[in-house]
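The same chain A turns up in both complexes below, where it pairs with chain B and then with chain C.
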Partner chain A sequence: MRGRRPAAVSLLAAPAAVYLLVAFAAPLLVLLATSVVTPTGLSATGYVRFLSDPFGWKVLANSLRAAALTTTICLLVGYPVAVALVRARGAVQSLLLVSLILPLSVGAVVKAFAWTILLRSDGLVNQILVLTGLTAEPVRLLFTESGLVLGAVNIFLAFMVLPIYSVLRQVDPSLLAAAATLGSGPLHRFLHVTLPLTMPGVVAGVAFVFSMSVSMYVIPTLLMGDRYQTLSTLIARSYLFMRDRSLGSTVAVVLLAIAVVVVVLSGLLARSPRRTAVS
Partner chain B sequence: MGQGYGGLSEAPPASRYLDVAGVGKRFRDTVVIQGLDLAVGAGELISLLGPSGCGKTTLLRIIAGLLTADRGAIQLDGLDLTRLPAHRRNVGVVFQNYALFPHLTVADNVAFGLRARRRPGPEVEAAVAHALALVQLGEYAHRPIGALSGGQQQRVAVARALAVKPRLLLLDEPLSALDRKLRETMQIELRHLLRNLGITAIFVTHDQDEALVMSDRVAVMNAGRIEQLGSPTEIYHRPATPFVLDFVGLSSRFHGEVVGVEGDEVVAHTALGPLRARGRAPVGARVLVAVRPERIGVGPGGEGSANRAQLTVRDAVFLGSKLLLHFDAPAGDRAVAELPTGTGAALSPGDVVAARWSAADTLVFQLGGPL
Partner chain C sequence: MTPLERAGTVAVWTVAGAVVLFMLAPLAVVMAVSVSASPVFTLPPPALSFRWYERLLTLRDLWPAARVSVEVALLSTAVSLVLGTLCAIAVDRGDFRGRSAIVTFAVSPLMMPGLVVGVALLQALRDVGLRDAYASLLIGHVVITLPYVTRTVLASLSLFDFSLIDAARTLGYSYPRALGKVMVPVLAPAFLTSGLFAFLASMDNYPISLFLTDARTKTLPIQILRYLEERPDPTVAAISSGLIVLTIVVLLLADRLVGLRRLAEV
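Up next, the complex of A and B:
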């Protein structure tokens, strides 16, 4: 499986590597430098300032909370969708896949705008809530965290479903049949066969959705407005309005650190000690 | 419909430990199993033998509860299984591809069924150790599944199914993925193991040798029904239909027409001339006359034999302990004899030999319908 590759083969990755180096790594270094270089020399004052400010923690907490909620709901909603996708046959399966993938071609800006319309107090969501009698009065959804998470889940759901689906469809159905003949009921089968075997998909989906939702910018900007800040919106404000490059680069590095932690952790989890490799 | 089944208190007779009654199954427009009955005694080893697509695996999955029959009833040890889901049947299955859990170790695979039943830890450990000892894999307990050879994986699959002490063990082509040498060793080992445990087991196989080796009785299946259920000797020496004759072992076979009936023997006119066979068929009936290759003697002698023919050797195949002679025969017929190596002189294609065999060794099947 893991053979030694001749050096020539790694040349295939060279164009991408060069592109990433120029377009991504170099600016990143500049960003890192900006966050620690002050007129008086190298210093971590930017970080000290950000982390000693309750507002900094508030922004960090906002981002992490929204991302955690979005990821959790995406997982809870997305896993059953992936199961349905695998079980569906023929036209139904194609329809489900298309309805999952096609919306990806609509940009996040457009979708976030659409949600501002849907979530208004006279919007469709509230009309349905009142019509069905779930609530007596229209509920305030726009500019609330619930509205933000609702919109974010809609926009990121496919990134949870697709990795889980791609792993789930490879689970040998005879494993579930074998479990059943061994006396394992539906719930036991799910917890002890399906779920462990699809963990790589779950980890990938969580990593995708979490890293995208912790750094989302357009969605909170449109659905929350200026009074709610996430790491991304704060970065933008620092650069565009406050002209504070030190703060902006510091927050950007914090965000980057979170992303790195998520990627490394999920990498470790996917390569869990229990072998999930197909023999 | 359960015809008179459903009484749980009455113990079934030993010969009806498993009772499959009138089971039918169709997928869309294809009838896979039609009105099939099968009774298996406690402790019996039964093979379902048939070509692919004959419904044998479907029947196995219906008994296991992995498929639902359209009609019919299944009783096991007096308990009606028909509507019970697989996980409540306590019917073990060894799958063709073993279906071992790749995320678990050998021991955890074997423990799976016991843990699903929430047995206490020490009991699970003891049962796992016992099951692995049965298949001689004790020291592999903590290996991951992927580190095992095919033969070892097969044994883990058997141990996993046995660990929960199933009331019935079903094996779906359990040895077909192994190479021939290993398969033959495992056949003997597995039969020995199941026999010692006294477990009732049903094998599904398309390999006639495996069916003959492994089982007390063989059910030869064709097109969704059982053509014959009998001991390996019955199946081989007294096949009930031309299909069984063809599917199990080699045979010489000649088409003909009955020209005389004498007691329990018939005389049929065939391409070889008149042949005498033990069996029943009216004069004028179109029949297939058949004889197993090892029953044919070649060369001078055998004055008492009822059937004689001059046959031209088309091919002589050396098979180690035996020599297989194929003779020229008209289209649709076949003439083949098997001699112990060393008895026949050097025979080569084109040689004409005198062949003979007795009427008692000759089978006759009446053919119905046109053609």
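Up next, the complex of A and C:
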């Protein structure tokens, strides 16, 4: 039972709401307007130009591909790590938490720089590959998509593990015990009890990682160089070097649209009936 | 344990072990390179040397950038703590429609591509005639730090039992005093963790700063990016190691005050 609710309390949201309207929502709307307003009136020329150009498609495909690969690998690796985090106790749990939270708190610029060292032909990754006999010769990793995805997985993995962990640790173990009593095997239990119950965490993690990796800028800049463009690097180029506001705003709106789709989809999925199974 | 369960357990711990190494390797490599005598990132270091740290002192652009970063991070975190807490209280205690919409809106800057927010802000600020890089940075950094505070304080408030305030008032406390004595201590960990993450998010931000900095006012990540483009040498590793050590110290303090597990729940 809640106490008194003075009407004036609602007004406390006003400063933050007004601030975000002015400094966040309005600029995005202006950006949207810039991309369709030409001296002669409204027009979608910018989008037609961008999407009829093979280069535009290439850039879009680069971003989506890298994001899809990064998100898939993060999910496949991140889920077991979240399981380990729930099962771990004491020092092991602390070690796991530190290895996720510490890199999370170090900037992307520092980590991307580290990966330029790790991925060199005489770098640590190649030394491990040769040592374990996976490859006979050092392979080229820097300036390749594999290197890019490896760096991106490293930088975004924690954003997959932590949301899954926060849902997974609330799963009632007695549900699994009950399923086992009813003759359900470990794989069946995982697929029909644990996985559905942790779906909200998976959806949140996938949404986080995808939206961040589709818009990454510093990682491709340092690990791929100028010849590989993503939506983000193209936006930065158009504004900072080419001074092409119309191209820049068009690409920015395309990227914004992708982000909005991810947010809306993840919102819908999180609200699906499965969610009620958790509570 | 069935063989399948055992295989699953082995797989989980193998992946977890590999991930610990995978996650810490970049930080370890940066720190190793920073104390290496070799200028070309040879690992393991042929000889130990602190020459890259000595070079830090001679970099003229570095220290002003570090100062701008710390100042902007502190100021924007402070502003966000006030705005975000007020917003969280309104959403938790208020009685108006669209409360969940307000929350979604307040957290949405985190889900939008930083570069797009930066470009939009750059354009809007130029349109209204604001050309001061410092003020622009501050405005932009409040946008990205606000979600951390709103989200965390709101989660903490929803667990807070407001009847405690009424109890304190029955015992003779005034309303503000009851808030200060009962609610603030309960919310302190939320302030600390969200403030910490807001501060680090601002310190590390490059996508918004990329557009809002100018030739004279740069933040640290932008300056580092600049060094990397101009002449990548282990001096950058020395700067980075400094930042890593700073982060470790901040996290150790936070662990002491609220515990690591709580940090993972942000």
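The definition used in the following text is that the second predicted complex is superposed on the first by the 263 of 279 C-alpha atoms of A that agree within 3 Å, B and C clash if a C-alpha of one lies under 4 Å from a C-alpha of the other, contacts with A are read in each partner's own complex, and residues count from 1 in each chain.
Everything that follows uses one rule, which is that a contact is a pair of C-beta atoms (placed from the backbone, for glycine too) under 8 Å apart; a residue touches a chain by one contact, two chains touch by 3 or more.
All figures in this text were calculated on a predicted structure; none of them were measured in a lab.
Looking at the shared chain after the overlay, A:Leu197 reaches chain B, while chain C stays out of its contact range.
Contacts of A:Val262 after superposition on the shared chain: chain C is touched, whereas chain B is not. Touch criterion met: A:Gly185 reaches chain B and chain C at once. Applying the stated contact rule after C-alpha superposition, one finds that A:Val81 touches chain C and leaves chain B untouched. Of the two partner chains, chain B is the only one touched by A:Leu175; chain C is not. When both complexes are overlaid on chain A, the residue A:Ser99 reaches chain C alone and has no touch with chain B. Using the contact criterion defined above for the overlaid structures, shared-chain residue A:Ala68 touches neither chain B nor chain C, since it reaches no partner. In the superposed model, more residues of chain A are touched by C than by the other of chain B and chain C. Residues common to the contacts of chain A with chain B and with chain C across the two structures: 185.
Every residue of chain A that touches chain C in the complex is listed here, in rising order: 1-5, 7, 9-17, 19-20, 23-28, 30-31, 34, 77, 80-81, 83-85, 87-88, 93-103, 105-111, 113-118, 120, 122-124, 154, 157-158, 162, 165-166, 185-187, 190, 207-208, 211, 214-215, 217-218, 221-222, 232, 235-236, 239-240, 245, 248-249, 252, 255-256, 259, 262-263. Listing the residues of chain C that touch chain A in their complex gives 2, 4-5, 8, 11-13, 15-16, 19-20, 22-27, 29-30, 33, 41-43, 82-84, 86-87, 89-91, 93-96, 102, 105-106, 108-109, 111-117, 119-125, 127, 139-140, 142-143, 146, 150, 162-163, 165-166, 197, 200, 203-204, 206-207, 210-211, 221, 224-225, 228, 232, 236-237, 240, 243-244, 247-248, 250-251, 260-261, 263-265.
Residues 64-66, 85-93, 95, 97, 99-104, 112-113, 115-117, 144-146, 160-161, 164 of chain B touch chain A in their complex.
Chain A meets chain B in the complex at residues 172, 174-175, 177-185, 188-189, 192-193, 196-197, 274-279.
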